[in-house]
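Have a look at this one.
When the chains are written out, they are named A, B, C, D and E in that same order, and each has its own residue count from 1.
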Amino acid sequence: MTSDASGAARPLVSVRQLQFLLLAGLIAAWEILPRAGLVPPVILAPFSATIEVGFTSYGIFAPALMTTLGEIAAGLVIAYAGGGIIGLVLGSVRGLRLTLLPLLSSAYAIPFVVIYPILIAWIGIGPQSKIWFGGMYGLFPMALATAAGVQLVDERLLLAARSMGASRRQQIFEVMVPATLPALVAGLRLGGALVIIGVVVAEMLASTGGIGFLITQYRTMFQTPQVYFGVLIVLVLAGGLDWMIGRLERWATPAHRTREAR
Amino acid sequence: MTASPHSWRIRAVQFGAVALVAALWEFAPRLGLADPTLLPPFSEVLKQLVTLLSEGSVMKDLAITASEVALAFAIVAPLGVGCGLLLAENDYIGRVFKPFFYFLASVPKSVFLPAFILLFGIGFGQKVAFGVFQAIFVLVISTVAAVASVEPELVKLARAYGASRARIYAEIYWPSMLPFIVEGMRLGVIFSITGVVFAEMAVARAGMGARIATWGQTFQMSDLYAGVLLVSLLSITVNEALRAYERKVGKWRG
Amino acid sequence: MARLMAGKLDAASDERGAAGAGRAAPMPADVAVEHITHTYGAGGVKALDDVNFTVERGRFVGLVGPSGCGKSSMLLMLAGLMQPSEGRILVEGTLLSKPDPERVGVVFQEASLLPWKTARENVEFPLKVRGIGKTERRARADAFLDLVGLSEFKDRLPNQLSGGMRHRVSIARGFCQDPHILLMDEPFAALDEQTRMTMGNELLNIWEKRRKTVIFVTHSLTEAVYLCDEVVVMSHRPGRILERIEIDLPRPRTYEMMATEKFGRLRDHIWRLIRKD
Amino acid sequence: MARLMAGKLDAASDERGAAGAGRAAPMPADVAVEHITHTYGAGGVKALDDVNFTVERGRFVGLVGPSGCGKSSMLLMLAGLMQPSEGRILVEGTLLSKPDPERVGVVFQEASLLPWKTARENVEFPLKVRGIGKTERRARADAFLDLVGLSEFKDRLPNQLSGGMRHRVSIARGFCQDPHILLMDEPFAALDEQTRMTMGNELLNIWEKRRKTVIFVTHSLTEAVYLCDEVVVMSHRPGRILERIEIDLPRPRTYEMMATEKFGRLRDHIWRLIRKD
Amino acid sequence: QNPKLRVGGTPNYGPVLPIMAAEKLGLFKKAGVDVEFSGYQGGSASMEALAAGEADIVNFIPPGLALARARGVKARIISAGTITPRGWWVMSREDSSIKTIKDLVGKKVGTSSPGAATDFFALWVESQSGGTFTRVPVGGSGLIPNLTAKNVDAVVAFPPVSYRIASSGLGRVVVDLGAAMKPNVPDVWVASDEAIAKKPEAVKKFLAAFFGAVRYMQENRAWTVKFIDEATKFGEAVSGEEFDNTVKGLSADGAFKQEWVEESLKLATLAGMKELPPATSLYTTEFVPVTPLSP
């Protein structure tokens, strides 16, 4: 399958060009739709107004960004470390996989975000509640993706490693992690995305600071350009995280999985 | 591997774990470990749940939410997997669009609710559309990862037998990707439910989300927990169905 | 058992068999390999170097050579699964740009079974792909599973089979595909001598009855001489053709022939060719 | 090349070799298999049925039998990778409940290489697991890769190697692991006759120099007789032991011995045992 | 075929309840208008729907409307809902040392979300307290939990949450905004300019039915308490409070004065809004006073 793709004729526009065009189109639509009155300005603010607000409200957004960034960073640690370990262990130990994994994913099915304002009665309204909420929101997908990936590991390779005396740790890092890399990366992506969402939504629902707080505040006050500037910041955060994951992915992808090898 | 002799033990352990949580929930407020006004004992919530179930109007709301979720999932499952396949298989399209998907995945979808109201109104369609929007990213990311784990040797084999693209997807990709896709779908269901409920909470004429929002606002805790429990049961049911399917089809993994 | 099966297998129609009747008359080239050179990756290993040979319709041709000399690569190209860096391959007179399973079938060096399918489903797979109905393909798969001695293991998954059993499933699958030209990459390497002999004879059987062209990679020179009309000997990497040796032993072949001087001479000749290289 | 290597390989210390000096005196049982019966899954296939045998320290023992008779299963249990349904296995006098790579090493029937590691990294792996430093393990891995004729392919990934090459990497890895008891499951099946001979001699070399106990599964009876002190012949599934045949040919073995009458007689005896079964 | 109106408000919020009562009393049918009610979680959500053309009339607060109009939402006040924020109380825990407005200085006061009505009132209270305090948005459903869990020292509660807190002994009133504030219109009925222009008759019929229900409710305590209890399941006590405070305080004919609107708009100034539109641009008196329809 992959081999015919490489044989295809060179596309008319390069990937970068097309991405640029799309982005330009998107921004143009973003600018024109509200300006032309096709979309009410309380629903979508023109792009230029959004950017302008970003510059003028720099002093408000910068500290909020720092708050949010810190919360996300801490949330990522919880999600990645906790989720990765839980996923690897639950995925590789059959008994646990059969008993606990279903419970774990069922637990995730409870829409905690719906009762978040009540949850914070217990975990408090400070940054720690955002960190925990975001962390747990991202932990589950990370764990589930990792556990699913572990099932894709070739049993024979684990057998070979065990016969050579690989410890549990070595089995994980030498066999399971490389073998489950696509799954792990997906876990990092999903988990990371949900940590960001968890933190920002938590801020939106109940907090005194952070990008999410600003988004809600500006939204209830109909200051749409500010709302979209907040969204833009979240997009940039997401982009940054994705860039890092991409780097990590390229660095860690075993050569046999690269396109050329196929 | 099949209905193994261990399965009853697994069930027992799971049942035990659930019972433990229920017991904790029951006794924490009763023993003063948790504030009973914030966390009514489990039995009270259960009682409330039974009351709700006997109320026609709540059942109607539940039915509405369930049908919104069902439709959203019926749309998003093939759509998400299809997009994921396209992104993973077509190098060009993948390189162009993957970043867009990856970025949008991390944006809290609720900020787009007004746009959804503009595009789809405030009725059934908007809930479905928002449910789709919430879930599609998870599915796409899972599918892209699942494709990466398909054994190229087996694809080569199928090609040697002249298998069409569709056939290769059905016979090689699907079984290989299954644990991953099913995991993605499970998350997908959960996110469509969250999406639908969230959209209903913001604005609705009916639906469990609207109920839950009102119960929350007016501090009707037993109703609120019962409602959340009801929605959770809905998604756990779908979850278990998917899991059963995966177990059945994925037996070969042992 | 083999005799019993042969009847069943005949049931499936075969125009080719009917058409090419006499074996004696020289047949048109079924496979023509012209100036094939193949290098893996940019500036990577040169696996094959200007390889040329033709295989006439209905011939049983062996391909032998040291490990890593490019035999499997050659088969991949013959099956249309890989394009050569240089040169071209004609199959039945036409250029092969993609796999054509009705004409060319492969039994891969590794059993390559689909782990989620039972032995039977694996054997059925090429037929399923071709859109053949459930009952017919099941009947054919079962016949060939019998042939390779796995009737008891039809419903087992590959990971519940032994190494040799997996390869036998793969052989059955190749037979079941029933192409004009069958490419086999060390199909019997994982089998004990007894099973290997039986399988070899079954293969000859199918080949004779259904007038197939077979290209057969093997490491066993005895097997090569016993089975083939001609043995192509390849050199060390990058693979070139050292010699094509006509095996002019009468058909049908018998075990007793192995003890003949001629057999020994042919075997020895190939052995020396490879050793010298 | 082999001679050259032997020196290097000796460099690694080996108490066992120093301890067990004379080969003539009967050695204590290194491996004792007692009443092993194994059934896969509940009510599934019975793979082995009351198997008993012992292997003395330093012996080279062959294990032959029809495809699917339980040879690989036996090796898995000897390596502590699978627990038998009934019976017990003693290795160097103690019960083996989990893999002990210093004592028992396995070369699997399938090459089982880690696809993301180069040939060298794969060979190094057992040493890495044991915590041996980078330079030392690299030197040892390189020596063994030379030995199997893959010095040019050290930095290749498994999917860039031919089938036979992959198996050679796997053999090198087994050698590199350097256990007291080496279990080998058809290690040479994917190799051409020439390479197979060389590898066989290298194996004998290592075995003699470093006083290993080897249990060697093969389908080639010639190979079995050529290499082994004793051949254990197993029956059709469920595997039972048909006979244990002492190969009382002198050491070192030479190619010429293959032509002797005694060699032929031994080979024939085994062949008949298997055929009859 | 009756004209259709899409009406929105927060479900179970006292001033919105007459819509359900009118439905129950068959007043909309009698007036000849089809009313389709949607529940919104907050005022601004309903305003967004109005801007998107998905709602015709919503219940909202004047300062919010001022902000929305400044952002181009074409909508106007058509009638008053309540005069002075009755039932809007700043409350602290029963055992708390906070007893007067002055005690709030330096404390944490919970509101539902930034920019919501609770937030505006908190700002007003802060301006009267002689000092400053921290406003903490905890979500509408988080007001009681966070007060109980001591995450905040006081909350700005709206009816009927305020009655629930009081009747269940979870807290007591520190400031009764209904008594403390000058007359203003804490909630009003807002219609889109389009609805005003294109279906004034329907709007009129809606208001007639709505205020008919208000009058009927105000005159029939027993019926109303039972009705509230059935609709909201708050229990007799809270429903009674709801009647005595909220329902009794509802405007009987929707009429309002410009000063009241201006008084409300001051809240927007407190929130930092600089260029307020003149109060006159925010309303139309075309529909008031309403002649209520009797069931």
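Just so it is clear, a residue touches a chain if its C-beta (ideal position, glycine included) is under 8 Å from a C-beta of that chain, and two chains touch if they have at least 3 such contacts.
Predicted, not measured: the structure shown is a model, and the values here were computed from it.
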Steps needed, at minimum, to go from chain D to chain E via contacts: 2
Result of counting contacting C-beta pairs for B-E and A-B, higher pair: A-B
Rounded Å distance between chain A and chain E, as computed from the means of their C-alpha atoms: 39
Where chain A and chain C are represented by their mean Cα positions, the distance between them in whole Å: 50
Intercentroid distance (Cα basis), chain E paired with chain C, Å: 84
Centre-of-Cα separation between chain D and chain A, whole angstrom: 49
Residues within chain D bordering two or more other chains: 41, 110, 160
Contacts with two or more other chains, residues of chain A listed in rising order: 40, 42-43, 115, 117-118, 121-122, 155, 219, 257
Sites on chain B at which at least two other chains make contact: 35, 38, 114, 117-118, 159, 176, 201, 216, 224, 250, 254
Chain A partner contacts - residues on chain B that touch it in the complex: 6, 10, 13-14, 17-18, 35, 38, 89-92, 95-96, 99-100, 102-111, 114-115, 117-118, 137-138, 141-142, 144-146, 148-149, 152, 155, 159, 165, 168, 176, 179-180, 182-183, 186-187, 189-190, 193-194, 197-198, 201, 209, 212, 216, 221, 224-225, 228, 231-232, 235-236, 239-240, 243, 250, 253-254
Contact footprint of chain D on chain C as seen in their complex: 40-41, 44-45, 64-68, 71-72, 109-110, 160-165, 168, 185-186, 189-196, 219-221, 271, 274-275
Interfacial residue positions of chain A with respect to chain D in the complex: 156-157, 159-167, 170, 174-175, 178-179, 254-257, 261
Chain B residues within the chain C interface of the complex: 153-154, 156-164, 167, 171-172, 175-176, 249-252, 254
Chain A partner contacts - residues on chain E that touch it in the complex: 42-44, 47-48, 51-52, 64, 67-68, 70-73, 113-116, 119, 134-142, 145-146, 148-149, 151-152, 271
